[in-house]
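Consider the two complexes below, in which chain A is the common component and chain B and chain C are the respective partners.
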Partner chain A sequence: MGRVISATLARGLLALLIVVALGPILWTVLGAFKELRDIVTPVPKLLFEPTLDNFATILRNPTIRDGLLHSGVVVSVSVLIGAVLGIPAAHALARHAQRFGDDVQFFVLSLRFMPPVAIAIPFIVIYLDLGIYDTLFGLILVYLITTISTVIWLSVPAFERVPRDIEEAAAMEGCSPFEVFWRFSLPVAAPSLFGAIVFTFVLVWNELLLALTLAAQNATLPVVAASITSLGKEVPWGVINAATVVLVIPPLVFIGLLMGLLNTSVQSGRK
Partner chain B sequence: MANITCSNIVKSYGAFPVIDGLDLSIPDHEFVVFLGPSGCGKSTMLRMIAGLEEVTGGRIEIGGTDVTDMPPGDRGVAMVFQSYALYPHMSVADNITFGLRRQGVSRSEIAPRLEQVADMLGLSPYLDRRPKNLSGGQQQRVAMARAMIKTPKVFLFDEPLSNLDAKLREKLRTEIRKMHLQLKTTTIFVTHDQLEAMTIADRIVLMRDGEIEQMGTPDEIFERPASHFVADFIGTPAMNFIDATIEAGHVARAGSIALSLSPELFPGLVPGQKVELGLRPASMDLAAPDAPNAIGGTVVLVENMGAEGQVITQVDGAEISFVTPQFRQVRAGETVHFALRPDQIHIFDPETGRSLRGV
Partner chain C sequence: MTRKIFVRLALVPAISILATLALVSIAGAIWFALMNRTLRSPEYEFVGAYNFLRLLRDSRFFNALEISALWELITVTGTLGLAVLLSVLIYETVQKPLWRNVICFAFLVPVLLPRVAAAFIWRFMYSPSLGVINYLCGLVGIGPVEFLADPSLALISVAVVDIWQWGLFFTVIVLKLMETLPRDPIEAAMLDNARRWEIHAYVTLPMLKGPLVSLALVKAVESLRSFDLIFVMTGGGPGKATETLDLYAYQMGINMGGRISYASAMSLLLLVVTTIAFTVIWKAGKKWAA
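This part shows the complex of A and B:
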């Protein structure tokens, strides 16, 4: 009996936590499909005539469309380069760097210590001088600091978990250090590396401050979404909600794709 | 197939040498076991021969070729790891054939070889599985198949049976031995299990603190241990050690114990000399109180080992054990007498620990 009660209580608590966590998201999604008068009504409406007007406004708005495109380009390029440079660096740190390995790792982490606000203003000046202010290239460049250091920091433990014996067994079969990395360490560590990449992606996708200071015309989606509040005289709640949904979808899709990939690789491993 | 010669091997981590000037020569076709307690350098030695560990000083030759500076893949050796080290993202068949495929050996040539080793090790039904879907024993067989298919000059086994349960360990031990009788490939096998070493080896290299304590056939190691350390390490139950003094007439006395020794085996003993006697429990048995070399003691404990039993007795305050098939007649608290032949007594120098055997 006591077990039933505690189980029911636990489930009730869990349900409450889910409502607390997902409630705002649900409300945002609902709001994205509401007319403004359905949103601002004093009595919240759960049943309403859904409309796609908000999404139409957003996708017809060139600023938002460009923002989405810019975000896509900047984030995917910086994450891709971050992974291509960061993952081999992490493997080298985990396996081959004996003398200065810890120092290098600390340096990498220390790149994340500084608040972006501290570097934003000097970066504006430097970028203006270099002529890369308000360019996608400039944003990619500054995001690479984040992506490379985050990928390295999260991938080192992933490679440390690869059993050393496996790499040694591969070396016994005549594999060069690069072959060992490419054909053994990388596939074995892949599940953890996916996690590192997803985390890095979300980190830069949501980045607002540097994007706000280093770009004007070529703004990314968080900047655009933040500026929507000033689109008209009355606050366009429906459009803001729709913009939020659009902002959230790409990382969700990305994570979903990676999870799928992960599951298939685990599944095939089970065969 | 090849002989292995290690000359003046030095291995240091930082300024601290773990192996300092070790010489070792292993003839072709021999099955050699590196035996010793953990930290004695046996695995390090094996890994240096494999090329996984750099040599600080000295040369290693395999089949007459100096391999000291060669990468592991070029040495013609294959290794089986304690953890099996199978590639988790490949099927069993791919695991076994990876080395050959990497060398560019043709598919038509690989197939029969795969079939042959899979048959030999009973792996044919599992070739499409992933390693994690195999039991520990099957995984270890895959690791052995992966080593065998390359027909290496030398097999290296690094404690390959330590992760298996006792029964399986025994079974695979026999299989490894049979495999060696069939292939005759020079083999080095590292273990800390003295029973495993005794049963499987042509020759045992017993190591301690980075040095070879004794090298010889299992019989030599067991019957003529060169030192206290070897005598203590080999044999279950462990040898009894008693401090004694030599008296006139080649008799060793320790309290109530007086054992007559063999003058042929220990010609150098002089009366008054302090020695350490080594008595193997297995070489002693129940005897009449007036039998030669009889030792009387009070039974403390009887351990049933099935066919035999170990009787632990107290003699002058120290414990001495012996093994007897008639242990069921012995009760705790009783006084028993047991004896051994003079030629089965080992005598060591209490200072150096070396055997005082003259021949």
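This part shows the complex of A and C:
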């Protein structure tokens, strides 16, 4: 009997935990479809007449539209360059660089941990002097620190998991190191590499501080979202909720991939 | 194409871009920290250690240092405590793989949210007049509570959001690590009639000591970049109750007349602390991997 009660209690607690994890997000999604008078109620409303006005406001607002566009350009270009330069480098580090490989990896990973404010402050002045302050090019350039280092950091283990036999057999057949990489290692490691690229995408998409300091006018979506607290007199909670939803969708699309990445890295880490 | 050329072609572009950018920002920070440069005037001169000496007499800097230390303490212990507690709970009560996967998926969602989005979501819920949390508080007769405007509550309220994002994420990691542990020691303890919590306190968790310490250090470095969350939720306020070092450096460098040199000195300090912490993580990680 006591077992049944404690099992039920545990179930209830876990259900509560799922609500705590997802509830805030679902509540925001609901808010995005509410009119302001349905939000400003003493008792929170679960039933209401849904409206698309908030999303319409967002898509009609030129600042937010530009923010979306800038985010798209900056994120895709910096992630693409990060992948093109980072993936071959990761392969070389995993397979060909025994002597100095550790030091290079230490350097690359240490960049991942650099406080953004330590990058932002000097780059403001340097960009002002060079005349590339407040340009998408400048923003892409600093984001390369994040994208290249993250791609390398996550791709090295992916290449280390590629069975050595395949590569050695290919080399015996007379394939050059580049052919081994391009025709054998890359396809085998591809699923994990895709996970690494997605993770990098999420990091850059979510970034605020560098975009805020280095591109005031040509800002990305997080900066625009952070600045719409006071459109007009009242706090436009419906619009803020809708903007939050737009900001949240791209990273959440990839949640399944992150789960897979986590599973493989935990398992290989314990071996 | 020989091996040497391939390695060079693969490594040199990526590493040289990274090295150039890192060198430029660090050299820039050191250079500007020794000047008295501001964004307002184009003229500046060498002032030596003046900026660093002034930091020592700046009470707002020490306030920011204290808030940062407090923030580190709350978020790191909160995240790890929650992760250990919840992962043991799930490990014990949920046996079906399907349900475990459902929970893991749910727990991964918060950490994927952009910090700005998480900040807005919770600001909405914390709101004294229309927030859900204050409605719930009202039901049990408390409130309305000014979660973000009360200086004694603001830091904790923001930390809750950070722990919500990272604690649930780390729960998934710790759970996955527990699933990979060998069963023998656990079964041996069960044969000795050890209680459930005793098994975890004395057998499973000690086996995970290495990874748990690594997770704590990763979170400690991650917590240093709390800017997004605090900036959107409180902007450092009320007063200076939530002003961490990166927020103060931002305010100095951008808002208050753009005192770039002073802000550089501060960010250099942050950089040194992070580098030391990171080197410790790296060395520790190597030791446990071996």
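Just so it is clear, the second predicted complex is superposed on the first by the 237 of 271 C-alpha atoms of A that agree within 3 Å, B and C clash if a C-alpha of one lies under 4 Å from a C-alpha of the other, contacts with A are read in each partner's own complex, and residues count from 1 in each chain.
Heads up, the rule we're going with is that a residue touches a chain if its C-beta (ideal position, glycine included) is under 8 Å from a C-beta of that chain, and two chains touch if they have at least 3 such contacts.
Nothing here was measured: the structure is a model prediction, and the numbers come from that model.
Q: Once chain A from each complex is brought into register, does chain C clash with chain B or fit beside it?
A: fit
Q: With the two complexes superposed on chain A, say which partner A:Arg11 touches: chain B (first), chain C (second), both, or neither.
A: Once the two structures are laid over each other on A, A:Arg11 reaches chain C alone.
Q: Quick one: chain B or chain C, who's touching more of chain A?
A: Comparing touch counts on chain A for chain B and chain C gives C.
Q: Please work out whether A:Val188 is in contact with chain B alone, chain C alone, both, or neither, and reply first, second, both or neither.
A: After superposing on A, A:Val188 lies in contact with chain B but is clear of chain C.
Q: On the A-aligned overlay, A:Pro222 touches which partner chain: chain B = first, chain C = second, or both, or neither?
A: Only chain C is touched by A:Pro222; chain B is not.
Q: For A:Ser110, select first, second, both or neither according to whether it touches chain B, chain C, the two together, or no partner.
A: Touch status of A:Ser110: second partner only.
Q: Output check: A:Gly174 vs chain B and chain C. Expected answer is one of first, second, both, neither. What do you get?
A: The answer is first: A:Gly174 touches chain B but not chain C.
Q: Between chain B and chain C, whom does A:Asp165 touch in the aligned arrangement: first, second, both, or neither?
A: A:Asp165 sits against chain B, while chain C stays out of touch.
Q: Please give the least Cα distance, whole angstrom, that chain B and chain C reach in the superposed model.
A: Minimum C-alpha separation, chain B to chain C, in the superposed model is 10 Å.
Q: Which chain A residues come up in both lists, the one for chain B and the one for chain C?
A: Overlap of chain B and chain C footprints on chain A: residues 269-270.
Q: If you look only at chain A, which of its residues touch chain C in the complex?
A: My answer: residues 7, 10-11, 13-14, 17-18, 20-22, 24-25, 27-28, 31, 39-44, 85-86, 88-89, 91-93, 96-97, 104, 106-111, 113-126, 128, 141-142, 144-145, 148-149, 152, 176-178, 181, 202, 205-206, 208-209, 212-213, 222, 225-226, 237, 240-241, 243-244, 247-248, 251-252, 254-255, 258-259, 262-263, 266-267, 269-270.
Q: In their shared complex, at which residues does chain A touch chain B?
A: 163, 165-166, 168-175, 184, 187-188, 269-271
Q: For a test of understanding, state which residues of chain C touch chain A in their complex under the given definition.
A: Going through chain C, the ones touching chain A are 1-3, 6-7, 9-11, 13-15, 17-19, 21-22, 24-26, 28-29, 31-32, 37, 39, 86, 89-90, 92-94, 102-110, 112-117, 120-122, 124-125, 129-130, 132, 135, 164, 168, 172-173, 176-177, 180, 211, 221, 224-225, 227-228, 231-232, 245-246, 249-250, 253-254, 258, 260, 263-264, 267-268, 270-271, 274-275, 277-279, 282.
Q: In the complex formed with chain A, which residues of chain B make contact?
A: Residue positions touching the partner: 50-52, 71-74, 77-79, 81-89, 98-99, 102-103, 128-130, 132-133, 146, 150.
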